[in-house]
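In what comes next, chain A is part of two complexes: it sits with chain B in the first one and with chain C in the second one.
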Partner chain A sequence: MAKNAWPSADRRKNIGARVSRLDGPVKVTGVAKYAYDVKRENMLYAKILQSSIAVGTLTEVDTSAAEKMPGVVAIIVQKDGQGNLPKISYAGDMVATVAAETEEIAMEALKRIKVSYEAGVPQMDDKDPSKASGRDQKKDQGLDDDNLSADEKLKQVFAAADTVSEGYYGLPIITHCSLEPHGQVTEFREGELYVWPSTQNVSGYANGLTRSTGLSADQIHVDCQYMGGGFGSKFSTDKWGEVGAQLSKQTGRPVKLMLERDQELTTAGHRPSAFANVKVGVKADGAITAMEVHAWGSGGQRRFRIPPTPYVFTKIPHYRTLGQSILTNRGLTRAWRGPNHPQAALITMSALADAAAALGMDELAFFKKNVGLTDRAEVYAEEMDVAAKLIGYREKAHLRGDKTPGPIKRGLGMSIHTWGGKGHNSTCAVTINPDGSAVGRMGTQDLGTGTRTVIAIVLADTLGLNVDEVRVEMGSNALPTSRASGGSSTVGGVSTSMRDASTNALNTLLDKVAPELGVPAEKLEAWGGRIQEVGKPSNSLAWKDACGLLGAMAITEQGANPTSDGTNLTTGGVGGCNIADVSVDIETGIVTMNEYVSVQDVGLVMDEKTAESQLYGGAIMGITYALFEEGIYDPTTGAMLNKDMEFYRLAGMGDIGTIKVHLMRGPKYEDRGVVGIGEPAVLSQGAAISNAVANAIGVRVPELPLTPDRVLDALSKGGVA
Partner chain B sequence: MSAMENDQAPWDMSRRGFLKGVGTGAVATGLMQGATDAEAASALRSGKPVGPGAVPITLNVNGTHRWLNAEPSVTLLDALRNRLDTTGCKKVCDRGTCGACTVMLDGDVVYSCSVLAIEAQGRKIVTAEGLGTPEAMSAVQESFVENDALQCGFCTPGFVVATTAFVRDHPNATLEEVREGMGGNLCRCGTYVGITKVAYDLAKKGDA
Partner chain C sequence: MKTFEYASPNSLKDALGLLSDTWGETEILAGGTDLLTSIKQDVTAPRLVVSLKEVKGLSGIDSKGGNLSIGATTKLKDLIANEDVQKHFPGLVTAAKNIGSAQIINAGTVAGDLLQRPRCWYFRNGFGLFGMAGGKELVPDGDNRYHAIFGNGGKAKFVNPSSLAPLLIALGAGIDVQGPKKERSVKAADFFSTPKTESEREYALQANEIVTGISIPLSGKKNGIYEVRHRLGLDWPMVAAAVAFDESGGRIRNASVVLGHVAPTPWVAERATAVLNGQSRKAGAQAAGNAAAQGATPLSKNAYKVSQVKVAVRRAIEAV
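Showing the complex of A and B:
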């Protein structure tokens, strides 16, 4: 009888091994069909006209000239809930959508739509906390005192510190910039809707279309086998999903509606900015005693939530955090990989590194000294040692300010981070056929993280087969439901439900095989392509022969996370430590990555290859926001000025230096079960790289990205120059 | 767009055979669409204005001649994706920055978003599909899978084409040369570590 638990290390053939992703061959040969690649017979191409103003009201949208263009088939003008022209809250808001015979005609038609506005004055300033609105977000710890008010207590604890360090830190709004833009192909057939969206939410997508189409969710068929990046921005059906479906219904033809690159940048996802004044009180021996954070920032028209500060060092005895939200006329924020954690890491870890520098203390020694103020001191301490060794900390480290002569200054900087990553709700079905074929079915999605491969790994290991001997069906809402992929919750969710279902299916098979092998099912196991008596491989049946005993009836069993028997196969809560090694040219202000080390607690690794890829990818994405990424907006018009890929810069191959990743392995970590690592991979880079630059040049560059102008500006105020 | 545009013209027949084969009803179209690569190229070079309406275009894609009608302003990328069924070149920035639409044109690496379809006539166009199939991948493609040099995969086919050309042109490239030479393509998931290894290893082996 197979147990609903992860197999012991000696019974893991594929789990934790280096398995190549199963969809690699179709992706590298260009034949994998993404939403953007879907082409249907008689399909129309739709394009969106965006608002050029950032705030105001549309007074008239004249589509008559566009309608007259040959090849234009339908035009939809956006309306609010009351059927009026909508209010505009950012430059890029949807105004109208044209469906035409070709993409070129649709684009041309957009130019012929005349839009009249009553424009207001946009509020674009997210750096001035006096522009905040709404309730302040305040949290105190250790400021209760019988004789003192919290304000007085705060003053007292800072007065008692040996050194108080103060600093200002910030990061601007950045975008998701998924390479496959948001959008979908829609098609009505016999009164039902078929959608091929680029989504992180296959099972839940249809719910977003029921109201606007008048269909029930079971009449909406969603298919997404491959998707070109989401990073938290592709959970919802979005306005363009509704409009696409409406155009298909109206025209009776399939419609492809994908955002253009500029629209992807203005509209399809932002990470909120965050700025903070931070005060840290420390004892002469380096012990942190007090912290005060005043943070503000903007999530466009959505409320800014204060990042979780103090980050990781949550046991700092006395602290106060105050958060203020500023509304600006920018596109809506969406969850950006590890929501609010990169901001929290920058604000906290930069301030702590500055406190260490103020004490004249080595950064690593300072972090280690205070590791007891975190929730997992032992894990962080171990990770710090591993990271320090990988980067050659002892050989390279120096106190703040590289004193070597010449314009190139080198420095190290570190940061630690945390994330949850417990598996989400997921259901699935496993079928074992009498011919020995086995298939797992689940309405989940593979964002490029390797979900498809992980599901196959679990199914194969449970049935004692090779990965290429099982099949996975996913990416369709006709399959058992699985939650959206967000917050690193997918790997824990899908691997648990698949382990549950495949164990249930195997046990049903073992019941059939038991009489044949003359031992009770409890004494049987699936291993090496056979069903065998535990400890006695001579008493066994080849997998196919065992399945042959099923006669004409295949087995289908269900599984879920949470599991039916309550077994917990996934946990949340991980720690990681990153160290950056940079060089800074103090004449040009250019920061160069030498080396980056990412050490991560990941629970039980499912696929070492794709797990490492998450850490590599996270490091690179993090280097990108540390050095290059920034949404730049005209303060007067509110227009995004770098809505392209020349000036909204992503790191290239030459920008990243050498990256080393390390997964914490061994029973202590693996016994925790499966934990997601998509988010933890990308949380510390801003802080670690900013700290490394400060260590190199002897002065803090307060805001990300660490562009040459910002570096030179900081150097003009101090440091080694 | 007519259904015929996606049909494959029988280019291996002689032009005369082709005209006979299609019958009189289609002769007029056949004449236009039956132009050889050389004829198409020379028409383009003749300096005679074409467009702005749709013109017949012949493209040699992955060793197969394809014909279509498109405005002279249509890019090679849009022609391959929207007029033909090619999906190995992706549309990402659409202005020559990211490399997701990279194809080979007579062996040279180009951004297909920055080449007009009419300019590509008479030249051999190779996309990722033309380098290998899932069942028979090229050495570069195999190495991408082996080194997990991909995640979401949207930049990947363009990178595969760029890497193939790089490895061909830079035997024994150093790590620095790889990083420099492969800088024309961008990835959002962060797959550069794997891609660097693919290019470096294969350039050293010289068997791409």
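Showing the complex of A and C:
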């Protein structure tokens, strides 16, 4: 009888090994079809007209000239809940959608739609906290005192500090910039809707379309086998999903509606900005005693929530945080990998590194000294040692300000971070056929991270087979329900439910095999392509022969997270440590990445190769937001100025330096079960790289991205120049 | 994208005959690296696109009569690979390589580099060449971090994007232009102009003229460029400096310093030239850098480019 637990280290053949992603070949050869590639017979192409103003009301949308164009089949004008023309809250808001015989006709028709606006004055400033609205978000720790008010107590704890360091830090709104834009192909057939969306939420997607289509969720069939990134921006069906379905219903024809690149940048997701004044009180020996954070920022028209500060060092004895939200006329915030953690890391870790510098103390020594103020002191301490060794900290480190002559200054900087990553709810089914074929079925999605591969690894290891001897079906809402992929919850959820289902299926098989091998099912195991008496290959049956005992009836068993027997196979709560090594040209302000080290605790590693790949990808994405990325908007009109890949800069291969990654392994880490890695991979880069630049040039560049203008501006106020 | 007609004549005469004398009615297609994006962005909506692909005699590199002649539709990749260019004008090779995109280098042409429209994000986002909305100039109060620090007193505040133009000017090159009736040669230094109205373009060319080639004197001048680049891959320099000079007895003579990406045209840094002549390279480099930055009139967000000018000029001279 197989146990519903992770196999012991000697019984992990694929789990934790370096398994190449199963969909690699079809992706690099172009065989894999993304939503963008779906082409249905008689398909129409839909394009979206966006508002040119950033705030105001639509007074008239005249589509008559566009309707007259040959090849234009249908036009839908956006309406609000009451059926009126909608209010506009940012430049790029959806106004109307045209479906036409070709993309070119649709684009030209957009230009013939006459839109009248009553334009207001956009509010674009997210850096001035006096523009904040709504209630303040306040939190105090360790400021209760019988004799003093909290304000007085705060003053007292700072007065008692040996050194008080103050700084300002911030990072702008950035976008998700998914390689594959948002959108879908929709088709009505015999009264039911078929959708090929790019989504992080296969099982939940249909619910978003029931109201606009008048269909029940079971009449909506969703298929997403491959997708080109979402990063938290593809949970919803979105307005364009509703409009696409309506156009299909109205015309009776399939409709392809994908966002253009500029629309992807203006509309399909923003990470909120965050700015903060931070005060840190420390003792002469480096112990942190107090912290005060006043943070503000903007999530467009969605309320800004204060990043969780003090980040990681949550046991700082006395602190106060105040958060204030500024509404601006930008596209709506969507969850961006590790929501609010990159911001919290920058604010906290920069302020702490500045406090270390104010003391004249080595940054690593300072972080280590205070590691007891975190929830995972032992993990962080070990990770700091690993990271320091990987980057050559002892050889390279110097106190703030590289004193070597010449314009190129080199520096190291670090940050630590945390995330949850416990598995989400997931159900699945496993079928073992009499011919020995085995398939796992689950309504989950692979965002490009390796989910499909992980599911196959679990199924194969449970049945004692190779990864290429099992099949995985996913990406369809006809399959057992699995939650949306967000918050690093997928790998824990899908590996648990698959382990549960495949263990149940195996046990049913073992019951059939037991009489044949003359031992009870409890004494049997699946290993090396055989069903055998535990540890005794001489008493065994080849897998196919064992399955042959099933006769005509295949086995199908269910599994879930949480598991059917209550066994917990996934957990949350991890720590990571990153160190950056940069060079700064103090004459031009250019920052160059030399090396980046990412060390991560991730519980039981399912696939070493794709887990490391997540750390590499996270480092690249993080280097990008540290050095290049920023949504730039005209303050007068509210127009996004860099809604292209030319000035919305992403790092290229030449810009990322050498990246080294390390997963914490061994029983202490792995016995905890499976934890997700998507978010932890991308939380510390802004902080670590900002700290490295400060270490190199001797002065803090307060805001990300660390562009030449910002670096030169900081240097004009001090530093080594 | 507005539907347009497409013509692919096989002689220069036929091509000229198709061109309108009003900018924007017809557009010339060579490498297409800028034209195609411009059409998609609605920066231009021509009635007719005239391709030069089948026109003979417009590409190739030749030395004749003390000049190196480069055909207008010579691909940037062929410029980079040419041994005469490598020998005499290493700065041009660096400038072309620095474009940083294999696709643009393979498809883009030499004349296309000179004639590409500004990358100004107000221009490219529908606010016109001068960045106007509701009668207001947006650039002065807007995001002008990549805009001009010289020659920006008028409405034009964009920067000229050409990679090759600054060094061509420094080398005293001429631009060969064929019109419907006559042929003429314009000094590269006089080729670029700052438009005063939306209907003008950024060069001294008529809408019905075609650039046929570039002639660079084989003067033996040392030459080079330095670009301050944020990204290593495809990206626009924030500031570029091109220098050309003779050097004998440890002294610099006949110097020319031209800046790129700092003004609506390539910007001849006359003060730097004056400072440099007669100096040793070591002493001259720093002084020329400082002189080149004099007279800059940065906007609200681009003073950093003034610092970068000093460095770029110095490093260009040092690296030659």
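General observations
Convention: the second predicted complex is superposed on the first by the 721 of 721 C-alpha atoms of A that agree within 3 Å, B and C clash if a C-alpha of one lies under 4 Å from a C-alpha of the other, contacts with A are read in each partner's own complex, and residues count from 1 in each chain.
Quick note on the criterion: contacts are C-beta pairs under 8 Å (C-beta built on N, C-alpha and C of every residue); 3 or more make two chains touch, one makes a residue touch a chain.
None of these values were measured; they are calculated from a predicted model.
By the touch criterion stated above, A:610 is placed in contact with chain B alone, chain C being left untouched.
Contact with chain C, but none with chain B, is seen for A:639 once the two complexes are overlaid on the shared chain. Once the two complexes are overlaid on the shared chain, A:107 sits against chain C while remaining clear of chain B. Looking at the shared chain after the overlay, A:652 reaches both chain B and chain C.
In the superposition on chain A, contact of A:228 is made with chain B only, not with chain C. In the superposed model, more residues of chain A are touched by B than by the other of chain B and chain C. After overlaying the two complexes on the shared chain, residue contacts for A:587 are found with chain C alone; chain B is out of touch. Once chain A of one complex is fitted onto chain A of the other, the partner contacts of A:712 are limited to chain C, with no touch recorded for chain B.
In the superposition on chain A, A:218 makes contact with neither chain B nor chain C. Counting contacts as defined above, chain A residues 104, 644, 646, 651-654 meet chain B in one complex and chain C in the other. Of all residues in chain C, only 1-3, 119, 121-122, 124-127, 133, 136, 138, 141-143, 145-146, 228-236, 238, 301-302, 304, 307-308, 311-312 touch chain A in the complex they form. The part of chain B that touches chain A in the complex is made up of residues 1, 71, 73-74, 78, 81-82, 85-95, 97-98, 100, 127-129, 131-135, 137, 141, 144-146, 148, 150-157, 160, 178-180, 182-183, 185-196.
By the touch criterion stated above, chain A contacts chain C in their complex at residues 52, 104, 107-108, 111, 587-590, 628, 632-637, 639, 641-644, 646-647, 649, 651-655, 707-709, 712-713.
Interface residues of chain A, counted against chain B in their complex, comprise 20-21, 23-34, 36-37, 39, 45, 101-104, 177-180, 226-229, 231, 260-261, 447-450, 609-610, 612-613, 616-621, 624, 644-646, 650-654, 656, 659.
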